[in-house]
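Structure record follows, encoded as structure tokens.
Naming follows writing order (A, B, C and D), and every chain is counted from residue 1.
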Amino acid sequence: MPGLEDLYREIILDHYRNPRNRGELESPPAHRSEGFNPLCGDEIVVYLAADGTTIDDIRIAGQGCSISQSSASMMSAAVKGKTVAEARDLVKAFKAMMSIHEHELDGEDGAPEPAADTPELKLGDLEALRGVVKFPVRIKCATLSWNTLANVLNEIESASSRPQ
Amino acid sequence: MEARMSLDVARIKADFPILRRQVRDGRLVYLDSANTSQKPQAVIDAMAHYYENSNANVHRGTYLIAEEATAGLEGARAKVARFIGAASEREVIFTKNATEALNLVVKAWGRSHLKAGDPVVITELEHHANIVPWHQLVEEIGIELRWIPVGPDGHLDLTDLDRLLDGARVLSFAAMSNVLGTILPIDRLVAAARAVGAIAIIDASQYVPHVATDVQAWGADFVAFTGHKMCGPTGIGVLWGTEAILDDTPPFLTGGEMILNVTKEGFTVNELPWKFEAGTPPIAEAVGLGAAVDYLESVGMESIREHEVTLTGYALRTLTERLGDRLTIHGPAEPAERGGVLSFVVDDIHPHDLTQVFDQYGVCVRAGHHCAKPLMRSMGLGATARASLYLYNDEADVDALAAALESAADFFAF
Amino acid sequence: MEARMSLDVARIKADFPILRRQVRDGRLVYLDSANTSQKPQAVIDAMAHYYENSNANVHRGTYLIAEEATAGLEGARAKVARFIGAASEREVIFTKNATEALNLVVKAWGRSHLKAGDPVVITELEHHANIVPWHQLVEEIGIELRWIPVGPDGHLDLTDLDRLLDGARVLSFAAMSNVLGTILPIDRLVAAARAVGAIAIIDASQYVPHVATDVQAWGADFVAFTGHKMCGPTGIGVLWGTEAILDDTPPFLTGGEMILNVTKEGFTVNELPWKFEAGTPPIAEAVGLGAAVDYLESVGMESIREHEVTLTGYALRTLTERLGDRLTIHGPAEPAERGGVLSFVVDDIHPHDLTQVFDQYGVCVRAGHHCAKPLMRSMGLGATARASLYLYNDEADVDALAAALESAADFFAF
Amino acid sequence: MPGLEDLYREIILDHYRNPRNRGELESPPAHRSEGFNPLCGDEIVVYLAADGTTIDDIRIAGQGCSISQSSASMMSAAVKGKTVAEARDLVKAFKAMMSIHEHELDGEDGAPEPAADTPELKLGDLEALRGVVKFPVRIKCATLSWNTLANVLNEIESASSRPQ
């Protein structure tokens, strides 16, 4: 589709057609969080099993467009087996790629965040989503699963910092 | 195939400057009027003319342009009153949009008249604007919210209506669904509400722009609609209510304009309609809405409706013929029973991806839940694509949509 | 006498098309900007351009013009955020006017945080928009409303401030009086509120259009103002609040846009700022307000303030010299302590009769209580005439007012 | 003042300078009603003593512009000694002169009320206020005292229809 090559990369369509880690986990013990894109109706549920600080398993449920589904699929593949801290860095790196700099007054002159804040990580397959930035409306689709993951990670951290 | 049309759509298109715009190397094909309508030059010019010649605050000034501004605002009110068949312009309250109008009803009338356990009946196809304010009353005072279900044909399922209405204090419903296009059985619903002593509230946001409206004939208590969907500007909506119920409703937003007197101890409210209009009203927006009413009347609401029924029929046939089984169009099959709102899904292609492809062809269609999540859930859908028609659309627009659909179907056919 | 002016007012006048209008055989002398301001061509054109090129609903569409409309709305929010020194545009909520902004604070924050007997402190010079919503809370939950008095010099009488603030939960005040022009001691009042743990609410409707504003420096919790007084359109106002307090405030109006999810059982709110923006927002109005901010910044808020101080001084001198003892101008005598709002009375001539005569000369001045009846009563006045200045006024405008005043004084001198 | 001759007739200025029936009555027994013009701040208080159906005395307090004050003054002179029913007719006739036809959808095409509704009464001095119609904003000033009077008359009627 002329004009949409940057959006619909082959690898994205592949993840959309064959989503990885699709399904549910029993919760509890797994952590569970829902995310909504109020604008187009996408809904995502992230199930995450972490025994200690490692992400042992992750599953994705819900429905959405090719971008939100493929992003979720790639995200699940990328964080599975990683530590919570590593997953956090990935979230940051991914959102930075999506041009989202938190706590920034993003007017036209908003200066980009210092690079120091943005972990230099290999995003691998996820790089394919870089083209989404040219389609501002779709950024919310691409980041939906990541924001939902971030909520789960927060939950895990606050649970582990609570006195047992 | 050229269907017989009563409107000269080419001439109407020429009235809307945005439709001359070229996007992505083609013309703009605007098919999202259920979301917001485009504006004719006459409306845009009326507002510019107001700002360039008569801008002043209203009801306050003792000089020429203030009188002109007041005449502009109140003249627009009179036009709207006539347009919807109100008994008097005292019954026409300007709000910022339909959402504020419905919130006013719920928060001013509802909070002062309902108590814990009081049943309020709405339908499953309501827009969030006619749901969430009621949820707030559930939380706040414990009213009981009941839902009239929607059948697979896109019509209300009224089998249990009597049971649902039993003891009801309120029946509130959309005159036309913004997702399915369904025109609701307004007379029957209002009569059923009356029979149990419930008040009737009609969200006519999708109806007033498209079908000649006579609020007195409906016999409801409140009717809400919004300016930007009827060729008018953003920033203005309308709440109509009978004088009796408006008199029996305490003020909502308060401040300037809506008072007769203020002391350190309290305040006295102004008369209708100003009692419900706090602060500087949307003056230029009222002038624009008045011009929109003039425009719609000059075209003729009967002709507009006839045109839309014909074009909806054409769209239903064309899309089905060209897309075949992969396409499902929701809502009533019979054009006469619906407005020109076509929600559809294509197998294996998410609506958001569909509309992304459409955009490459300049075709503007909305994808999502259309602020009607309970309906979507009851239909088992996350999202639909929704094309919606208005007086400035023609068969060429529908053909452009069909072509874009085919192209998307090809692209995503793996 | 030609005072030194930093603004090229002749050029500025040329930016405002209405000021070229001839009324009653003369030019329009607009001296009612505290009521509503005039609009520069750039603002009028920005809105027309929006409707002619990019009109679409925001946050919903997946096509080009919907993205442009969203960028227009959110770009305007970013401009307003910068203009008032907000920490983030998440803190900037678009309402329909300042009145809705203040009602939102009272009805969403106030109703959920205050209880019977809680003291709320306001001043005697408030506009009804910062009085009547509190009266509603007195009726509804029995808060205690306390008033900081105004002295004969037009300044607050702060003698009893400590006693008035004792136990207070809220201190809410106008940054600048719309009747007397008085600039209130903002820093002192916010600090006093902080010291007793009260939240501080500032009605900056008369301030933001005229004086460079830094809401973070003020350190208040909420600040409200209105678009139409700052060269922007009608139909839009702003509520600024700190993220902390906005997060701690339940939603107010509800419906589309402000939700994350809706089910039959309840709803989840969207993030800031949309949590407080229900329904289709004032999109064209935001675009217009953004253009107004651009315009004011291009002139420079420092220059505007300097110009107004100079012109206010000229007006105070000129009117006093030419009318003598028959004229009383209320409010602070020192231009640096006030805005260009001149409320006056002439012995034996009612303000409404004065402004009627002014109208014959094309001089637009408001007569009345200016939506501040408690202040009027405390000053022992039923009404004043009020001339108010803005960036497009010059000495010739003041001279025209003085001439009209003399003529009225002659006519009614029996 | 050129352009204002129709508004500021000599007789109006006379009533403004020398208002008739200015003052208060003890209330009760006198009836009392307040009227506000929310637009320009005029306030009027009408005191009315009626023993039976005749208006024995009437007094006007409050403040306002030349039009509202002179209209009140003329009104008081016109209704003093009249019956309640006659006063009602005067209110109607005066409002008709002010182009106010009640319960009319007063858009531009609003047809005037049938003349039958408008009692043919000699308005005398009050005719001087006819010019106010050309100044729409001032109509509210001219009618303020009349609306307030109408409220008092309603009060009297509902009181007399109540069982003693």
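Here is the rule we go by: a contact is a pair of C-beta atoms (placed from the backbone, for glycine too) under 8 Å apart; a residue touches a chain by one contact, two chains touch by 3 or more.
These numbers come from a predicted model, not from an experiment.
Visitor: State the pair with the higher C-beta contact count; candidates are A-C and A-B.
Guide: A-B
Visitor: Using the average of all C-alpha atoms in each chain as its centre, how far is it in Å between chain B and chain C?
Guide: Inter-chain centre distance comes to 32 Å.
Visitor: What is the distance, in whole Å, between the centres of chain A and chain C, each centre taken as the mean of its C-alpha atoms?
Guide: 44
Visitor: Chain A to chain B: how many Å between their CA centres?
Guide: Their C-alpha centroids are separated by 36 Å.
Visitor: Please report how many Å separate the Cα centroid of chain A from that of chain D, as a whole number.
Guide: Computed from C-alpha means, the inter-chain centre distance equals 73 Å.
Visitor: Mind pulling the residue numbers of chain B that touch at least two other chains?
Guide: In chain B, residues 24, 60-62, 66, 257, 259, 261, 352, 356, 367-368, 373 touch at least two other chains, as defined above.
Visitor: Could you check chain A for residues that touch two or more other chains and list them?
Guide: Residues 39-40, 43 of chain A touch two or more partner chains.
Visitor: So that we know how the chains sit together, what is the shape of their touch graph: line, ring, star, complete or other?
Guide: other
Visitor: Can you identify all of the chain pairs that touch?
Guide: Inter-chain contacts occur between A-B, A-C, B-C, B-D, C-D.
Visitor: Would you pull the chain B residues touching chain C in the complex into a rising list?
Guide: 17-18, 21, 23-24, 28, 30, 32, 35-36, 38-39, 43-44, 47-48, 51-57, 60-66, 95-100, 102-103, 127-133, 135-136, 138-139, 145, 147, 226, 228, 233-237, 251, 253-259, 261-264, 266-267, 278-285, 352, 355-356, 358-359, 362-368, 371, 373-374, 377
Visitor: Along chain C, where are the residues that touch chain D in the complex?
Guide: Those residues of chain C that touch chain D are 24, 350-353, 356-357, 360, 367-369, 373, 376, 382-383, 407, 411, 414.
Visitor: So in the complex, which bits of chain B are touching chain D?
Guide: 59-62, 66-67, 70-71, 75, 78-79, 81-82, 86-89, 257, 259-261, 268, 270
Visitor: Under the definition above, what is the set of chain A residues touching chain B in their complex?
Guide: 1-4, 7-8, 13, 17, 39-43, 63-67, 69, 135, 138, 141
Visitor: Mind pulling up the chain A residues that touch chain C in the complex?
Guide: Counting only chain A, the residues touching chain C are 36, 38-40, 43, 103, 105-108, 136-137.
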